[in-house]
Amino acid sequence: MGLREVLTPFTVWKHVFDDPVTIKQPIGRPAAERYRGFHQNDLDTCIGCGTCEAICQNGAIDMVAVAGYDPEKGNSGLKPQIDYGRCCWCALCVDVCMTGSLTMSNEYTWVDTDPDAFRFVPGLEEPWKDDEEGYEREGKRVLSGIERIHMEEMEPEARIGNFDEIVAGYSRAEAILEADRCVECGLCVATCPAHMSIPDYIAAVRDQDYDRGLQLLYETNPFSEVCGRVCTHKCEGSCAALHEGDPIAIRWLKRHIIDEVPFDRRIELIGQPAEPTGRKVAIIGAGPAGLTAAFDLARAGHGVVVYEALAHAGGMMRYGIPEYRLPYDALDRDIGVIEAMGVEIRTNCRVGRDVTMDELRRDHDAVVLTIGLHMGRSTRVPGTEGAGVEKAVDLLRRITDGEKVPLAEQIVVIGGGNVAMDIARSMARLQKAEFGKVGITLTALEDIDHFLADPEEVVESREEGVKIFDARGPQEVMRDAEGKVTGLRTWRVKSIFDAEGRFAPAYDQSDERVHAGSMVIEAIGQAADTSLLGAALTEALEWNRGRIKIDTAFRTSEPWLFAAGDAVKGPDVISAVADGHRVARTVMEKLAAREVAQ
Amino acid sequence: MRDIHALLKQRHRLGPLEPRKGGLAFVTVPRENLRGLLLELRDTHGFTHLVLLTAVDWMEDGLFQLTYMLNNRGRDLTLGIRVMIDREEAQGDTIHDMWPTAATYQRELKEMFGIDFPGSPRLDEEFILEGWTDLPPYRRDFDSLAYSQQTYAERPGRVTHDPREYMKSKLYPDGV
Amino acid sequence: MFSFKPDRSQYPAPGPDGKLQIDLETGKYLKLWQGPNHPGITGNMSVELTVCGDEVVEGKTHVGYLHRGFEKLMERRTFIQVFPIVCRVCVPEPDFNEYCYAAAVEDLAGIEAPEYAQWMRTLILEMGRFNSYMMFLGGIGGALGLGITGQWMTYVRDLMLDRFEELTGARIYHMFILPGGVRGHLPEGFEGRMEEVLDTAERYLADIDRVMFSNSVFKTRTKGVGVIDPALFEPYGVTGPNARAGGVAKDLRKDSPYLVYDQLDFEVATATDSDIFARATVRRADVQTSIDLIRQILKKMPKTGPAMAKIPNVLHWKIPRGETYIKGECSRGEYGYYLVTDGTGYPRRINVRGPSYTHAMALLEHLIPGTNISDVAALMVSLHTYPPEIER
Amino acid sequence: MSETNKAKLTGKATVREIFETATEFEKVAHRFYTELIPNVSKDIRWLVEELAEEELEHVELFTNLSKNPEVDAIMAAEIARPVADGKFSDCVHTPDLGPNPDDQAVLQYALMRESAAMDQYTELAQSTPAGPLKDAFVFLANEETKHKAELEKIYYETVHSGGV
Amino acid sequence: MKDVDDKFLKNLDRTVPLREELRPRKVTTPDGQEIEIEPLKDYFCEAAPKVHAKSYFPIVEDFYNWARANSLWILGFGTGCGAIEMRPLMTPRFDAYRYGIQWRPTPRQSNLLMISGYLSVKTLKRAIRAYEQMQGPKYVVGLGSCTINGGMYWDSYNTIKRLDQYLPVDLYIAGCMPRPEALLAGFMELKKLIKAGKCEGANKYAENFATYKANQKSVIKDWDMPDYNW
């Protein structure tokens, strides 16, 4: 030990005149810009999906109801309440948030004598509510997938000219990847008219437990194979994932489950119907509503006869939806399961012609009317009377029946709904086969943003060579001297809806156009053909703006008659299925009540 | 690693070598072969560093897996040696004579899993827990949350709602 | 010069059960608890000393005061939910837990973190190492009554915490290294502010050299005290700076390069005496290495790039059955995570291998007999042990 | 509205007289729809009933207005908000009502009537010098346009977007 | 989170026997005498704590409170993670000393016990002893989520969930862990409370002594101390 070692430490005395490093005002010193401080939530963006609650490893988050926020489509109305007696500020809730509404401020001081005070709903009234700084996740969500797994489809060149199914369906690996994206919030269930257990069957896909998946499907929907292809999938419009990416392909996953379970196994899985009750129910119309009701009633042991005017069961699913969207064998399998439950379907049996309503009423304990909308509307502009002008629903029916339908090299379609797309694309296929090229012009009142058709239908139609003229109001079907159709004269529609989305058309007469074509197809509204009721019953029934009046349980004003489906409610397959369940329940309640009475 | 495995296999009943990336591999041996294997690895093959000793509870199979992780520092090889022992009469062979530090691991295993290592020093002394009367907590049949809820009071008054059920109750209470 | 060299042959020997063969009631021996509430203990743990005069004849480490049952809690949490709690295993250097856990999950799930994330992780780990050494240098001075080192080093550590805060969003538990990558990118101007901190640190370290390492009192009290015989390194599982102080130039960053250490240029510091002083100087040299590494990383790391690899939806992330062990060189030695998965969404077992586990238990208990009571604190601090990683 | 109707109106000298004449027209329309009710099938009777109801409302409105001393102010306020006619005219082709018309035919007929009335009043307003009389015609044209717009909405819902 | 398994039933019957060296017994002293010892009684005082009455004159009490508020001496017992954020407070950058706050090594010199986060059962026992050894009036501050409702260790078998069941808590500071600045804000709030005479934790402890003891004993199985030990 030398003197040097004794003295050296003293050299740091030089710092004695340095400025102190002390922070003068430490209390409330601003934290870093990214600091993970107390939570903030944009309540108007928050959809109450509860993903934050699910990921919180501390069990710090509760989903609670907050005044002024009610459940609606794709929004549960619940908001996260955070317990700062649990939170660890890991911000996984922020990272996983589906909408990005949950963030953090850089506020960090909260002192209280009451331990119960540390619970709050961010976004309501906390002092740091409007803090700009604080932690937000960088970029988009990374904790759950944003991009939808691509669905393999036929190329436009390959699919035009035939009626083969376009969509390939997911492979197992693809389905698992897509199912993996689901966060199981369940917001979609309320939106689905049939309230299918969507998160549960997606979980079944993930677990590769297709048996369970199929059972889940059949609990709420006997037309899962149909819906897996052509459902309007409103559920996907309320999917939490759509806020920062693509919604989960719920429809394709449903189809995937069905694709993975062989037909025989299906019947095995859903099990045998209950013991026969001896009760009989007649159902008029073998469409989705009627057959769903038939399925439910048959499973409960009731005898069900379905009367169908056309040659095959399926209703609009068969006669309205073209084969390239819904192959007939897929539909046949769904109907096959229903028939396996003991449902008798009498095809080519038109009520009012082959059997009367009175007979049905006499021979059955209840009659359910599910006749759909099979009558096409006409614009009735000048020139629509006569040859060369057809209605879409009629043509689609004839195509399904394999009839030869009138065809022209250049066809003008009026309408912007799914039926218009269906007929345009069907005719395009026939044209391709007949003439080798497509010549379809589609005019619609609505502008492209307000089309009633699904966006993908519009895209695919265009891919297939359909020329779409949106916002054109039909004025006249032009005919030449011999009365042959030469085209459609239209005016431009400047705007079609007012600010509230109500119909308020404004035409621009100066922008007139003639769409050439030797055939015009009207694909606008549809109506129910209620002539089968007969004059007396029509007079006896209560009506509601052109439709048979029903109550919430689908009872008509006649105690023995029930009505459901498009004819009374609409507008799609899955709604018809939901109606079918509901009407079946009402019928069963009535039958049970009679049982008790006797 | 494969060379050592091939060499050892002649004298010990080794399972197949399960290599992972970065000089790491796992191998299973029967309990009676363990000490001999460890000795040989330590003295002949340079696996002188006992990285860790721990157990995995395979409750469904009625087994405990003891994992002895040895490291050869010179060649940067790590070998995880698995010994499966019966869960009901959980007993292992002490190796504190080879690595004194193993006594600590064995004390922990005794306390946390209830695995006995006869001959290991201070085995029955309390290590981490104090006054513990329940099942050894790392056993999988010990439910931490249930124990916690039965023993310690939580702050009451919290309620949560499942979004799906909540929407059902508000939008379609009768199910349709 | 005073030298404390007791005659060990006079001590009672422990019996086969490990218990000391002494009769406390003879009055010759006294039990003395150092900790858990004691300024001369590292964290919340205690050493039960049996003393004879001011000479310690036996020391037993008692831990468990911080036991939260992490390994049990991890088994109850999904793979993403484990992420927030791993860092709590070690308070002063939490990032190693995050890295080891993330790397273990990535290994078993077959995910590769992007390059940017690898660099960022390295940066975070070096910043954490720097902080840990600041704690050490402050602590070792404090244990010997040299209060100023603690004051200075805590200040410098706090400057680094400010950098941590702006980078990761938190001061202590950064929770920045997610399985799959890291949570974000460097904030703007970070390099400049970091350079300021490193400059300040170097200035303070130069003062530490003068006030501590050149201090005759410090040298006298640490040189030749608490010597670990290098022969004990293997049996007692001594790793890291504690082993390097005894001439074993082993450093996992060099020997088994992980992250981007193979692209960085650094030397492994060693010493020969294996005493408290040597352990302190090795760490002093390591701080400088960390400072250099941080500078190198900031210079070499890519400016942009994805921070996260694509990972499955974390809410139902299942990992196939398997087991792995991920290790790294933390400021105290070999830190490792042993992860066993069983194909479900929850880990089957996670075992944390903290270097303090061997250093503070078997090794410390071996070293204590024969020391002076006043040296116990310094000895314990010199091993650089953090109790939470012992009991978890 | 025929030329005779137009002639009836052109001769009127006071606002009150104009309203009384307009009321007469509405009464005629109301009678027409009321008589049509039994002729249509029950499922579309709601439509004809609604039309009759609307005409009756107009009758009441005009009657009340013609008695109201504030009529000028009310009219001025109303015509300050001109109602644009969107000329959604693909439906305004006089249909052949026949003995048992369907809903579309009834709607088309009603639209045609409202459209004609609207044109009539507009024309009269244009040919009348500024003053209370012109205001009265503008007001009436506005009323008919509003009514027509309402009908157009029903038409669109029934014919165009009905069904799918 | 996994749900609670109903099948799991806690083993409630077993109690931990008192350790050998704490049992009453006969020993021989170094000078050869045989004496009876009862360690638990010999080592500790058994008198229960008493409620400390306020001064009759409010102005005197106010003065006391002012004095108490301005000398917060904290027991330097780092019970959990939060302790690491107290270190900056003891050093120049945040310098809590300027507010009359300092850290003391022994309970006998302290009047503020900071429970820095979670408490394992083993530490709870020491914390209770430390608290009971402190001189009144004394205060307890709970740091972070863990002291409020269990924090991230809400399902741990070894940590308590609510500190207020075992010790009278005067103030909580939210955070995991709270920053030094938040701690300072907490101290300032505590000072305000003390000055207003609202920090009656020690008296609360004396008044509800039986309840606190029952709660403490329900989790500390290894109860090798008398009910009150100071």
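Note that the chains are named A, B, C, D and E in the order they appear, and that numbering of residues resets to 1 at the start of each chain.
Following the convention adopted for this analysis, a contact is a pair of C-beta atoms (placed from the backbone, for glycine too) under 8 Å apart; a residue touches a chain by one contact, two chains touch by 3 or more.
By chain, UniProt protein names: A = Membrane bound protein complex subunit mbxN; B = NADH-quinone oxidoreductase subunit C; C = NADH-quinone oxidoreductase subunit D; D = Rubrerythrin; E = NADH-quinone oxidoreductase subunit B.
Please read these numbers as outputs of a predicted model, since none were measured by experiment.
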Label-sorted list of chains bordering both chain A and chain B is C, E
State which chains count as neighbours of chain C and simultaneously of chain D.
-> A
Innermost chain, taking as reference the mean of every protein Cα atom displayed | A
Please flag the chain sitting at the greatest distance from chain A, going by CA centroids.
-> E
Centroid spacing, where centroids are CA-atom means, of chain B and chain D in whole angstrom = 88
Just give me the whole-number Å value for how far the CA centre of chain A lies from that of chain E.
-> 59
Distance-wise, how many Å sit between the C-alpha centres of chain B and chain E, to the nearest whole number?
-> 35
Averaging C-alpha coordinates per chain, one finds the centres of chain C and chain E separated by a number of Å equal to 29
Per-residue overlap in chain B, given as positions that touch at least 2 other chains | 129-130, 137, 142, 144-145, 155
Of all residues in chain E, the ones touching two or more other chains | 1-2, 92-94, 122, 148-150, 152, 154-159, 162, 176, 179
Which chains touch, pair by pair?
-> A-B, A-C, A-D, A-E, B-C, B-E, C-E
Which part of chain B faces chain A closely enough to touch in the complex?
-> 155, 157-168, 170-172, 175-176
Over in the complex, which chain E residues touch chain A? Could you list them?
-> 1, 92-95, 98, 142, 145, 147-152, 154-155, 162, 164, 169-176, 178-182, 184-186, 188-189, 193, 198
Would you mind writing out the residues of chain B in touch with chain C in their complex?
-> 20-24, 26, 48-52, 54, 56-57, 67, 69, 73, 76, 78, 80, 98-101, 103-104, 121-122, 126-130, 137-138, 140, 142, 144-145
Touching residues on chain C, where the partner in the complex is chain A = 1, 77-78, 80-85, 148, 155, 162, 165-170, 173, 175, 180, 183-185, 187, 207, 210-212, 214-216, 219-220, 307-308, 310-316
For the complex, which residues does chain A have touching chain D?
-> 316, 320, 373, 377-382, 415, 417-419, 445, 452, 473-475, 491, 502-507, 509, 524-527, 530, 538-539, 541, 543-548, 566, 570-572
